[in-house]
Amino acid sequence: MRKNPDSPIRQPLAVIGVTILTIWILIAIFAPLIAPSNPIAQNYGQLLPPNSHNWFGTDSVGRDVLSRVIYGARITLPLSMMLVILAMLVGTVIGAIAGYFGGWIDAALMRFTDVVLAFPGIILAMAVAAALGAELRNAVFAVVLVAWPTYARLVRGLILSSKNADYVTSSRLLGASTTRALFVDLRPNISGPVFVLAALEAGNGMLLLSGLSFLGLGARPPSAEWGAMVSAGANNFDKWWLAVFPGLAILTAVLAFNFLGDALRDILDPRTAKALRE
Amino acid sequence: TSSSAASGRVLVIDSEFNHKTLDPQREFEDGGNMMDRAIYDTLLTFKGNDASKPVPSIALSYNSNADSTVYTFHLRKAARFSDGTPLTSADVVYSYGRLKNIQGNPSSLMAGLTATAPDKYTVIITADQPDTAVPVKVAGPEFGIVNSKMVAAHGGYALVGADTKDKAENFLNTTSAGSGPYMLSKFSLTTEVDLIANPKYWGKQPAYSKIVIRNVTQAVQALDVQKGVANIALDLSPKQTDSLSGVNVTAGVSTTVWFLYSNANPTISSVTSDPNFQSAVRYALNYSDLTAFAGKGSIQAAGIIPSAFQGSLKPADATKQNIALAKADLAKTAYKGEPIGLRYWGGGAWEGISFDDFATVISSQLAAVGINLKLEPTPVGDALTTYRNGTDTMGLWFWGPDWPDSSNYSQNFGPGKKVGLRAGWAASAAPEITKLINAVAIESDPKKRAAQYRQFQLDLNANSPFIPLIQSPAILVSTKSVIGIATNPIWKVNLTELK
Amino acid sequence: MKDLLARRSSSEKSGGLRGNSLSTFVIRRIAIGILLMLGITLISFSVTQLVPGDPAALNLGQSAMSDPTIVAAWRAKYGLDKPVPEQYIIYIDHLLHGDLGLSQQSRRPVSSDLAEYFPATLELATIAIFFSLIFGLLFGVIAAITRNRWPDQIIRFVTLTGVSVPTFWLSLVFFYLFYFKLSWFPSNGRLDPGTDAPSTITGMYTFDALFHGQFNLCWQAFRHLMLPAIVLAIYTIAVLTRFTRASILEILHNDYVRAARAKGLPESHVIRRHVLRPALLSIVTVAGVAFGNLLAGSVLVENVFSWPGIGQYAYRSSIGLDLPGIMGVSIVVAGIFIVMNLLVDIAYRFIDPSLRHG
Amino acid sequence: MTLLEVRDLSVQLQTKTGFATAVDRLSFTVNEGEILGIAGESGSGKTMTALTLLGLLPQHAKVSGSAKFNGQELIGLSSKEWQKFRGAQIAMVFQDPMTSLHPMLSIKAQMTEHMVTHLGISQQQALVDAEELLADVRIPDPKKALNSYAGQFSGGMRQRICIAMALACKPKLLLADEPSTALDVTVQAGILTLLNRLRKEHQLSIIFITHDLGVLSSITNKLLVLYAGREAESGSTSTILQLPRHPYTQGLLDSLPQPDSNEKLLKSIAGFPPELGKQPIGCAFAERCKFAAATCSGDELLPTYLADSHKFICAVDPFAGLSINQVRP
Amino acid sequence: MNQAQPILQLNNVSVTYKRADRTKITAVSGVDLTLNRGEILGLVGESGCGKSTLGKAAVGILPTSAGEITFNGKAVAPLNSSVRSRELLKLQLIFQDPYSSLNPRRKIGDQLIDGLLNSGVNAEEARESSAKLLERVGLSRTTLTKYTHQFSGGQRQRIAIARALTLQPEVIIADEPISALDASAQAQVANLLVELVQELGMSMIFISHDLSVVRQISDRTAVMYLGKMVEVANTLEIWDDPRHPYTKALIKAIPRPDGKGSMPLELPGDVPDPRLPPSGCRFHPRCPVAIAECSVMEPKMAPAADRWSSCLLNNELRKVGS
């Protein structure tokens, strides 16, 4: 008996997630209008604690931290999106090829995926980012490099599990080529989980990216990237406002993605949700 | 493992480690200098924050010939190594030979010098060319005197070929083979170095029986010293110190000179090699804002030679901001506002000054006269590579002296010299300056030398790729219990002087 | 949490476990592990070839760099003067002899560097996984039992926050609060300044001190461990909580749980025997992977806490373009990860009777 | 003697759109040693009725009415009190033997855990008893079976183990929810034979739930036909199967393959049962009933009582007064 | 049955599965079966005896390891990566599970028109004819724009049937199409299939483990045991006069809803592991009338006869065998 009566869709989280994300996106778009001052204007004064003029205080070269956090959204959000899309594309293509062709192609691709997965992610990303040179572009590349296997695994799994599904066989019996059957029948089954995974991964990607920036392997000052801003704060513990506000910015943005992804996963039917968890 | 430290006072120092070894003939960073200074004695040394007047240490006296090519040192007879062996001229010759032949980072200090020992307590240093810097050089911890028998017994080698045959580094990282007031009791490149008082020290016992030097980030240093967990914090910047409470702040000016260069090689950039452009940059900068940015203790670098050394320029000689002049000079160039790359050590900081922040400040100042910089923060390895290859259009760097003498600058910042080449400044570029450099090298009269150094710097300020910016502040933060603390550009702080 | 599980390679899924005898299974898994290790060396080697900068420039001083014979000698010492494929083959050859090369930064064998730093990370990760398991299981069980009621909602919110918080930032915040402001925990480092480490057995100070009966020292080491371990554990606690909740709920849906209830067993008995036991099985597998992740994930935490572990070592190696160092860390961490997976799979076979008898 | 007396039992379940009535004012009794069959299409509330009698309804379900077991009211018991009944007095066998045994616990553990709890006997004693029970349900080599796991048995064997497990604490009432539906006919016959024998030997009362009237015919004394959560007809098995009065019972019987018919087609009931929560007022079957009249949608339909406690609820009663041959030619 | 014209023929067909642990199972071994034009053939047997395997092999989903299958005289090519040939599109399968045979994430309409689009019909026409088919199976045309989760098991099975019918097949193999349904839905779906077969002039193999349904709707009945065919005959003959002891046991196990309280008869023992089939007659370990010979001699079928059973005790077979 297939009944799924008690899985009320917990929408509130999704709503919160979407709301926070929307706010951040609006902030990013309208940063020049919202920010109280130029994020790179300096006054060489002291590091000022939050005050009525600089709500989030100022940094070591006298820039307004609030304005920098606001402008930071223009760096972090688009990059996280880009990173997720790239990882999703690469992973999906590789997973699809592996799942579709099977045999030695599958074996080879999956071994390769396994190797990347067995590689400690942050260490690989760190090594790649350092080797290519500390630049945001390279950090994004490094994160994509460690992020794609998750998608490849998911997509391959989904294809394999539905490749022999009765409804695919039915399509084949009705004269569909393997490719068409897989494309028409599996695309809708794959896109849902992949997008949910993307929502969940966006948060992880953002964390990894800002982590690299924190270590000085990603964005570099004067860029107002949040991770880099936290690292500036890390040099001045007493000036807590330097690290706290950009850190909260990262936290809320990642949280929004995770809320969204988590709620979406619940909406998916249990079987694909399980595939996602694995 | 060490004996218990319970018998005496313990001093805890927070430092951002940069030593790579404690083998005195290999060590080249100031963090290691501080430790080696406490473990190894040198013929001469410096007192307090003065790094220009050598005073007696193992050598009670010395003299030189008229053209500064032969120096004779007379050693004290009471000096003993920590194992009790007497220190003799043979140990000095061995150590210096080792320094020269290992061909490690500091071996260039021995270039052109030869040490000999006519008797047990006399050492003669002969220079191929006149070298007035020998007394200050031998005060450097690289010239630390090691127990030659002990080191030789543990793989040490001091003759030609030592670069492959010397195997004593690891030994020297675990055991002290020196005659200084402290001995090494724990070694690490990353966590903690412990020194304990040398019970057989030939001089007066130091005030602390144990010194713990821990690798701690700047930010944490500020917390530790306030909580009294550490007695001294070595790496705080002026901005980090202004909100500290309950601590002593010893501020001085360091001998580190920060400078900007604008590549003089036309094949690298037709813009930056234009003297008018270089001049525009020079006058566009607001030097008082730069020192304000660097914080208390920092001063404008009037010339490339830091204020502590012979022949340094007076503040009055320093370049002053002149926007009109800068704009006029810029107008004479073909520059159209295209972005000019400025390379620096991304994420790097030195003496509390962050490269990133510094570059940000400079770029916004230059932007005011219409010079548009493209900041190129680069990991230190890559940045050093392109810097040393002379391929960067502009660069922001600092120079700390290899030995505390003005000759270190004239020998590096001239046309065709090491740093000159990095800035694309060919040997043929400025014949008068080259002539001046050659003259000062053999001048033995200190007064005349000083005048020549000043002229050298004025020439650089008038026409060279180099733009001296600031001397960074030297700050030591300590708990109230620490007495006798002084900043020193060679070894940050002389541990043996602390009370 | 999917990325945790994703790191379990496909061949390790339980499907592949059935049928074969234990020895063929173990042999096959070891063979795959070796293959993976080879892949790891290849990838890390390729990464180090990306480097545009000059490692020699970084590791030699300014004046030494200007002397071409010194530079050439340095390159020869690290084998950098040979063609790339040959460098790789030489590396593998050395690796097979247990030689990970010389670190260009510390100028010591990478293996002795790792031997020094690895125990610190291992100790940190061990305590962290310990915290994670205790709290992850506890919260997970509570959340599952109170499904969709307020305790579950709170736990859900907290764990989502836990997986969203940037570790490096949390480290800063915790350190400032709990060390500086509240003085609950000691400052950086593994021991108080000037304290001598217990003589080495495992290199993990708490265990070594305990072994030597130095209880004060053990306590001191533990206090130093606590704060970084807590920060490090937070992500894993969150992940394990969510995973535990999900697996328990999945099991609660099974008919056999209803059947157990229908037998009139006390609810606590049903949860313990019929639900937790199978749930533990899957949690064990995740915990194994999580442990591997903790080892690697310590990079950011170690950086803030100046913890002298392999995370710091990896970071310094990356920054300093120390190729042997990077490769050494990667190979060791990946190797542990692969071994962990192998152990988990074997453990799985032992724990699950239906696999043993099936 | 009456063992179980159910009066006006209703169950409401939470759905996305609110509470919906899954079981609607059911009343029935089960005497000692009697087998009551509950029949009905999928979704008619059979399982919910059984679960109510064990207090195992989904969390948010609302129950009203009364169910007296040996004179003791079951509805409203606390979970502690339920535990005393479950397994000990009332036991249940579930539909799918493949999923109702725990895959990771040995048969031994699953057989004995509730014996120890309910009977207060030692583990050793429980093991001895368990072996006997397995032999009783005809499991070959019971000793070996005790040390095995569910995965090592076929579906029929598992169902026998489930039955042995249900009987371990000598309950008075056994709820069998489609215990043979998932099995082959040959195996099903074995299970039916077994239950029939156990009923006689243990003086067991059974509520046997299935949609297969054939199965009910062979094993039950009494029958309760449900439609959309409501009673359609009840009475003794032979009466109902031979002379059903409710058009739904009639339809169900007709839709079974007829052993002697030469007709190619089966006689099916047109249409589909109403969804949960969408049962119409009046007769829920009216929209599929070929005899439906205006009176069928009256709000309170009264049951008709016949001899032999035969009862049905139909406003039209199209088969009134007909003989068996006329109803089922 | 006057002059039977075979449309689907299976000659000596075996199908082997490879398990993950590399052991082999011969799920169907040496089966001969003929489906005649316009006929409904019932295929019955206990769970795991190979009914589905046979059905899937017959339409080409599973490759055979021996024997041959012909449809309309042409060999049925196993399904590989290329598109199925046009003739084979007339041979369709309906799956047992109405939940897995439709894609939960695609609109029903899109799934229905697939087959038509593949064979070149334009989308408009395809939609129209799909709507008609839906109406024929008793569902409204609004079904086209819905998803499967909005339907009950019986309704889904109707949709699956409609889907299989889009290309006007000549032969339908229905793999337990009604087992997952309850009594009244079973009758509805079985009726629907019979009506459609008659209306559209199709032939059908109706796989079921419920002998009583098969008895009512099929013309001939084939009984399988552990991968082998044990008896094939006209349905009424089999019902009235089963010759194989296994067929007899199957019939006796059917409960009768006559209200007389008669117990069905049990067939003791389980179906053996197909990896290690018993020697001789595969049924002998469970056979109530087995004799010593049964465990060594494998009974042979007489494929030519229109009524055959493979039992050593069967007189006719003995005659053929001796």
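For clarity, chains are labelled A, B, C, D and E in written order, and residue numbers in each chain start from 1.
Here, a residue touches a chain if its C-beta (ideal position, glycine included) is under 8 Å from a C-beta of that chain, and two chains touch if they have at least 3 such contacts.
Quantities reported herein were computed from a predicted structural model and do not represent experimental measurements.
Participant: Among all chains, whose Cα centre is located farthest from the one for chain E?
Facilitator: Taking each chain's C-alpha mean as its centre, the farthest from chain E is B.
Participant: Consider the two chain pairs A-B and A-C; indicate the one with the greater count of contacting C-beta pairs.
Facilitator: It is A-C, judged by the count of C-beta pairs in contact.
Participant: Could you work out how far the Cα centre of chain C sits from that of chain D, in whole Å?
Facilitator: Measuring from centre to centre gives 54 Å for this pair.
Participant: Taking each chain's centre as the mean of its CA atoms, how far is chain B from chain D in angstrom?
Facilitator: Taking the mean C-alpha position of each chain, the two centres sit 92 Å apart.
Participant: Could you tell me the distance, in whole angstrom, between the mean C-alpha positions of chain B and chain C?
Facilitator: 40
Participant: At which residue positions does chain A touch at least two other chains?
Facilitator: Correct list: 8, 130, 133, 216-217, 231, 234, 237.
Participant: Send over the residues of chain E in touch with two or more other chains.
Facilitator: none
Participant: Please set out, as single numbers or ranges, the residues of chain B touching at least two other chains.
Facilitator: 217, 220, 223, 379, 382
Participant: Which of the residues in chain D come into contact with chain C in the complex?
Facilitator: Interface residues on chain D, with respect to chain C: 54, 56, 79, 82-88, 91-92, 94, 96, 99-106, 109-110, 113-114, 117-118, 148-152, 162, 165, 169.
Participant: Once bound in the complex, which stretches of chain A touch chain C?
Facilitator: 8, 10, 13, 110-112, 114-124, 126-133, 149-150, 153-154, 197, 200-201, 203-204, 207, 210-211, 214-217, 227, 230-231, 233-234, 237, 240, 243-244, 247, 250-251, 254-255, 257-259, 262, 274, 276-278
Participant: Chain D touches which residues of chain C in the complex?
Facilitator: Listed in rising order, the residues of chain C that touch chain D are 254-256, 258-267, 269, 273-274, 277-278, 281, 352-354, 357-358.
Participant: Under the touch definition given earlier, write down the residues of chain C that touch chain A in their complex.
Facilitator: Its residues touching chain A are 1-3, 5-7, 9-11, 13, 35-36, 39-40, 42-44, 47-48, 50-53, 148, 156, 160-161, 163-169, 172-173, 175-176, 180, 243, 246, 250, 292-293, 295-297, 299-300, 303-304, 314-315, 317-319, 321, 326, 329-330, 333-334, 337-338, 341.
Participant: Within the complex, which stretch of chain D touches chain E?
Facilitator: Counting only chain D, the residues touching chain E are 41-43, 154-157, 184-190, 192-193, 196, 211-219, 237-242, 251-253, 255-259, 261, 263-270, 272.
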